[in-house]
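Each of the next two complexes has chain A plus one more chain, namely chain B in the first and chain C in the second.
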Partner chain A sequence: MQLIDRDLLKVYQLSSGRVFFQDVDDSSKVKEADSLTQVRDFIADRCRARQARKLARLQVQVDLAKRSAFTLLLSDLSSLSAILSTIAMSLSAMFDFARKDVEVGESAPKELLLEKHADYIHAYEQKKDSYEYIMAEFLRMSGVYWCLTAMDLAKSLDRMNRADILQFIKESQTESGGFAASQGHDPHLLHTLCAVQILVMFDAVDEVSSDRIVEYVKARQNEDGSFGGDEWNEIDTRFSLCAVACLKLLNRLDAIDTPKATAYVLSCQNFDGGFGTRPGSESHSGQIYCCLGTLAILGELHRIDADRVGWWLCERQCASGGLNGRPEKLPDVCYSWWVLASLTIIGRLHWVDKVSLKRFILACQDDETGGFADRPGDMPDPFHTVFGLAGLSLLGDERLKPVNPVLCMPEDRLASASIRVQLLNPR
Partner chain B sequence: MRSTHGRLFDKRQKGELDEEVLAISGQLLQKNPDVYTFWNIRRQALILISQKIATENGDDEAKRDERLAALYKEEMILTEACIQENPKSYGAWLQRGWVLERTPKPEYQFELKLCNLALRLDERNFHCWDHRRIVCRFANIPLEDELKFSDEKVNDNFSNYSAWHYRSSLLARTHPDPDGRLPMDEATLAKELGLATNAFYTDPEDQSAWFYTSWLFDDQHAFAEGPVPVWVTVDRKKSTILLVMSGAVEAKTVGDMIATDADGEWIPADSQAQSSQVWLFKSSSLGPATKVTLSYKALDVQVEDEWTDLDTIRALLAPANPEGSLKTALEKMLASCQELATVEPHNKWPTFIATLCMRRLEAQANHDQILSNLEKKLPKLDPKRAGMYADLANNIKVNRFLVDALAENSRVPDTLRMIRKALITRPPPPRLTWSTPLLISLKDAGSIPAEGGPSPNQGAHPSVGRGIGSSYAANIPATGRPILYQSHQPWPSVASRQRARGAEPATLRDKR
Partner chain C sequence: MTEGDEQHDAVVGSKLLKDDERWNDVTPIYHSDAENAVVPIAASEEFKDAFAYFRAIVQKDERSERALQLTTHCAELNSANYTVWQYRRNILQSLGSDLHQELKYCAAIIEDNPKNYQVWHHRRVLVEWTKDPSKEIDFTDGILRDDSKNYHAWQHRQWVVEHFKLWGEAELDYSARLLEEDQRNNSAWNYRYFIISNTTGFKGDILEREINATLALIAKAPHNESSWNYLSGILLDAGQSASQQVVEFCESLYSDKKRRSPYLLSFMVDTLSEKIDKGNDAKDNVERAVKLLDELQQIDPMRRKYWLYQKRSIENAVQSKIGA
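Moving on, here comes the complex of A and B:
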């Protein structure tokens, strides 16, 4: 069941297809609709009733890894037919949401369009004057990491401009030793990890001062073992992973209190076996990935109930084959990474149906521009591209390099640097 | 946009962290609350401005607090606007928490109202839930009040995983089980079983109530006090000590638990692990006369060849069935699930949860029905999770094998000998836990012949062929040697561990 708009009505659709709606003005009655059209007409009547207002908003909130609101604006009530057609177009999107799943259409891509993706990422790097590029300044380091990892998995890293990127990285290191998203911005663990990952991929770690990086990471650890993202100390288990992954890549785990780091992560474990942002926070696939990754790096995977969290994780698979981030949410290709990597870390990759998952991931490709979108039919971006490719790599696609499920980097780069992490063996 | 941005950075560089900086950054953040650097600059400016206010108002505490409160109130208004723009902006929510810590007049009730509003728009917004938890901590809101809040949220919409989750963490603290075994005290547990039943009857397709229900079946038994030793075996010919714990521990705990004059070192079964359930001590000097002492809490015993805590092992493999009112509540739950399964024949949830419930009630008596569900019914209803159902079924079969093999009238010493032999030859794969059994896979398991019997069909273990399934016989390898699990890496040698340590000092060194 899912709420569409509390102001207007509640709409539910069961997986059997039956549609129910509830008029919040008459909330004692749940009515069954004959069809979507009936609900649409009901909404249209409501809009007419609200003609006094210039603007009516149907807000549908979709939980993605990044962007949040899908807003349908009914801006001009004088043009009712335009409104109705807008509603009709968007209603199916809204009902996808109501079903908490998407359709993988017949015309969706079924093969891996690898060259298109390499071209897409390569072109992304070139467009330095684009509005998008400029506006993304505050996350550029992460953006570069997503692009490079995607290219390396696609065995095309040499198409990227190594010299420019290394220059960019050096310019982004700050006095504190940590790295910022780009020059001028402030350092943060997220971007520090990305910088180190890129340096390892380019085998250029010795081109920066790792001692200073280690000092920055070490300074982020709190008394209780948690890690703050930066000097302002936002605490989040994401940052536990950033910290230990960074140090693992630099072979300097000795710099922090690892037993406390472990204890803190374990204190974030929930009733369902999953992990959240902080102790008491709800389980979320992304956070689970971060916590399992942290435990893997610290060699503490045996402390958790792998069957329990494995069950929660494999229940992220929807009827379409895609994976969502939490119960009753839409599938998203980036969760094909967070969930799949988590399952791989605990040796339970075989607990999802690989065929339908692969079909879903491939359907998220944009066969015109290249790149992957969060779900079929949407606009692609580098974030979803790297995680789509990484997910396919975990599923065994041989055109891609094997990817490490903890560090989200090609295994060969880690092997060259003699980096190994704990994984639980599958049966 | 670029020039405003430029001006902001410019001012910061010059150290001009003033009201203009607040104005500019406020503008920029309203459009994109995710630019973390702008929030940082704002905080720097706020700190300086608040310091100025403090010095300017020196002795007049009231005036100072009034001005500070006004300053931070502006901040709250900005963050509220940002949250409306992007309800999932880490930066905006973080800033609210930061202000609450600094303002002399925190308005906790207002914060809770804001959280309520945000949750009405999106009841799954975890930023909002996290913020609520922070506010409750600052304001010392009693847990019982929050429990009532979760009550409202859950009753408002049973499909609210976030509310059920909150409930789980609250109940564990407000109504703990005095024995530490159940998720909460028995009386509350019975009530929650009823609440969960209402929830999954209202919406049988929603995962929330089903996951919550499965948690209600928890029984921590021996885990409540942490891992305990269950088996120590000393091989004075091979100069090794094998230790099996009920849960994972690190090297230091092991070293504190087992004292010996022999030198050597403890190696975990998984070479990449810091903590493990199974540890092997490899020595060069462990002879017939070497003392090996196991000390744990009240336990203090010299181990000659072997020490086992069979009672604990048996309790872990087959915990006591629930009795009394808990049993009644669980039976009611089982009946509800089974009834719902007939009404919703295509829905796997009632059947799966019924299976878990059966296991909780009487795992051994319900063994066949449980297996039938896992092997036949559920893979049909829910093919995507066929891999999981197969693993669960396997675990249950092997668990049963061990229960029988270690039962009081059976040939326990033989069984232990076989398991030990296998464990020392090859370390168990890392899935060794007591919620899944000691031996990993029935498919991989061969028969376990009597001591010294190499032939697959001679001297077969009494439990072979005893209704566990013919899969046993089918998997006996041609060589006749028992294979209890898939072959994995042999135990790392001390030298290899030292080498590995040389490469990655921090990961393998135990921190004494």
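Moving on, here comes the complex of A and C:
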């Protein structure tokens, strides 16, 4: 099956895993590669630097034909390309399934490796001189929130350094009242929300000025009810959720125009029942989560057709059990959160197949280092770790604390602060 | 090589600003961690150096050519750092820089980082400033050639079309071309809906044309979620049961067992639901709908609970009708 068809070369991978490539400059020859890595190296050698960087970042997507396995007896490699094109054509004719998906291998982890995840997160926050840590300064606040939430869900929050983190938060608040990713950066709604979430988790909201935060959030709302991420006013329904969630946690929803905020989110609903970034933008699982979360906080879930969006959401489940973000895209563990939380908010969590989804999420664990990756076999990171754990919590794993599907925080922290969000009842 | 030569090379060859005389007047601001930390990777030394000087110029709010070049350097090192882009825009404004040059630079950065929010937003701001959309259609087309589903590219294109009122046949043809290449491209379907709903709307001849085109694509690939979603979407106002052509098409597709996708059956259930709501032949329609939903549980067991829910809803709906 054809993986990459570029102006330089064609790459094929059979279901057996063998990889072949054909140099378009020398189309009579088809060579077998030891691995996809070898192919990428080949490309890098042959192309100009920029082209190689682009290609090297390509995510190779394999269309799996589920109903058939092909075995090829190849005596003559030079006729391979003809054989492969015939296969490609007949496959697409025979199965119009071609759903993008991954395979969950037999050797993938099947149990929750909770201790390893706690160790992974703990170690991640400690390695302050690592290249990765330094590079991530521009999103440090979000990074800290992902790590802390993961640890708290794993019932290990006390392993994190509360004092240091609170100090870091205070240093990140800017004159505008909003919080930046870290000191010296500009404020943004994303990081402002994360800061407030962390403060609630540590029961330390009193240690900063809420009024100033509220002023910053209020200033982000536009005439049409939408919210900009910062003073440069990039508009996105993600920021609607950031704004109302922030104010909900501070009990200050009175500060913004809530009917307009609702109206804007509703204007982002699409013909397929989903929601996008702005009106007319393609429906996307992450954006749907933000819109439903916003409506939940504002008490306006009754304004949408929950069945319609619920069906769009449960259609995100691929044969592997994993969830994707849009039709015909690969599943990714973070969608275990966006989609699952969305379904929970509208009372339709049972519309996904929990067994296969759980299997997919667990397969995304890295059993050596701990942590979750976006899909089985890839490198883990804190972002996918928190959403993998949060997804498992929604699925009822008792080793984890219950998580709130709107605010993505442990329920007990919200209960302590008397914060409640109404969801739709299960149907 | 002598030690002196090595030192010389180290200074001359060094890209570090701390070794650059032209930056002697600036005191770099390092993080306290960095000063004590061991730096195992050469690249991160360059990184720390660049950002230390960046922090310094931000603090003094310097808006000069060298500051602009420094943001170029920092963006190269870490294009997702939003503060760099914000500050760069401040400098561009202060210097009155050539924005068309800047757009070219921005295009190159986007090509290298096509999924980065900050660089796309940067481009949008530039286009807002220049008020010149002339390059944007071709530019997004270029990005979409590499990744036809790039969410940012589609968003940008939609914004350009809407903001500068570039509605027209060309954009409709664009979506048609992409759908011809890959009818599973959900973004292209969304774009088509976007164009039509903001221009002619889905009625009369237009609706008929869209129905025909969609049915033709469904016939080629009945298991494509996007085409079915589009069909349902465009019939939301008129109603699925209103078009005899559509009803017959579904029946003929259904008669071929290999082409019974869950989307087909679900669509047929929705059509029957509509008829039931209108009170037409309730009993027969309910029976058929229930049969289809039982079949759906067989062919799409993953969503068993959803199909059961639909079945319950239909049975409940008819109960209330019979009761009335």
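Definition applied: the second predicted complex is superposed on the first by the 328 of 427 C-alpha atoms of A that agree within 3 Å, B and C clash if a C-alpha of one lies under 4 Å from a C-alpha of the other, contacts with A are read in each partner's own complex, and residues count from 1 in each chain.
To be clear about the criterion, a residue touches a chain if its C-beta (ideal position, glycine included) is under 8 Å from a C-beta of that chain, and two chains touch if they have at least 3 such contacts.
If you're wondering where the values come from, they're calculated on a predicted model, not measured in any experiment.
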Combined model on chain A: chain C and chain B, fit or clash: clash
Partner chain(s) touched by A:Lys128 [first = chain B, second = chain C, both, neither]: second
First (chain B), second (chain C), both or neither touched by A:His188: both
Which of chain B and chain C A:His284 touches, first, second, both or neither: both
Touched partner set for A:Lys116, first chain B, second chain C, both or neither: neither
Chain A residues touched - chain C or chain B, whichever exceeds: B
First, second, both or neither for A:Gly347, with chain B first and chain C second: first
First (chain B), second (chain C), both or neither touched by A:Glu315: both
Stretch in clash, chain B with chain C, out of 21-29, 57-65, 417-425 or 471-479: 21-29
Intersection of chain A interface sets (partners chain B, chain C): 134-135, 138-139, 180-181, 184-186, 188, 230, 232, 234, 270-272, 276-278, 280-284, 307, 310-312, 314-315, 317, 326-329, 348, 350-353, 356, 427
Complex contacts: residues of chain A adjacent to chain B: 1-3, 6, 14-16, 59, 61, 63, 68-69, 134-135, 138-139, 180-181, 184-186, 188, 230, 232, 234, 236, 247-248, 251-255, 258-259, 262, 270-272, 276-278, 280-284, 297-303, 305-307, 310-312, 314-315, 317, 321, 326-329, 347-348, 350-353, 356, 418, 420-425, 427
Chain C contact footprint on chain A (complex, rising order): 50, 53-54, 96-99, 128-129, 131, 134-135, 137-139, 180-181, 184-186, 188, 230, 232, 234, 270-272, 276-278, 280-284, 307, 310-312, 314-315, 317, 319, 326-329, 348, 350-353, 356, 427
Parts of chain B lying in touch with chain A, wherever the complex brings them together: 2, 9, 32, 34-37, 39-40, 43, 86-88, 90, 94, 98, 120-124, 126, 129-130, 133, 157, 159, 161-162, 165-166, 168-169, 172, 183, 203, 205-208, 211-212, 215, 247-248, 250, 270, 272-277, 346, 383-388, 391-392, 394-395, 429-431, 433, 435-436, 440-441, 486, 488, 503-509, 511
In the complex, chain C residues that touch chain A: 29, 33-34, 37-41, 43-44, 47-48, 51, 55, 58-59, 78, 80-83, 86-87, 89, 111-112, 117, 121, 124-125, 146, 149, 151, 154-155, 158-159, 162, 184-187, 190, 193-194, 197-198, 220-226, 229-230, 232-234, 236, 266, 301-306, 309, 313
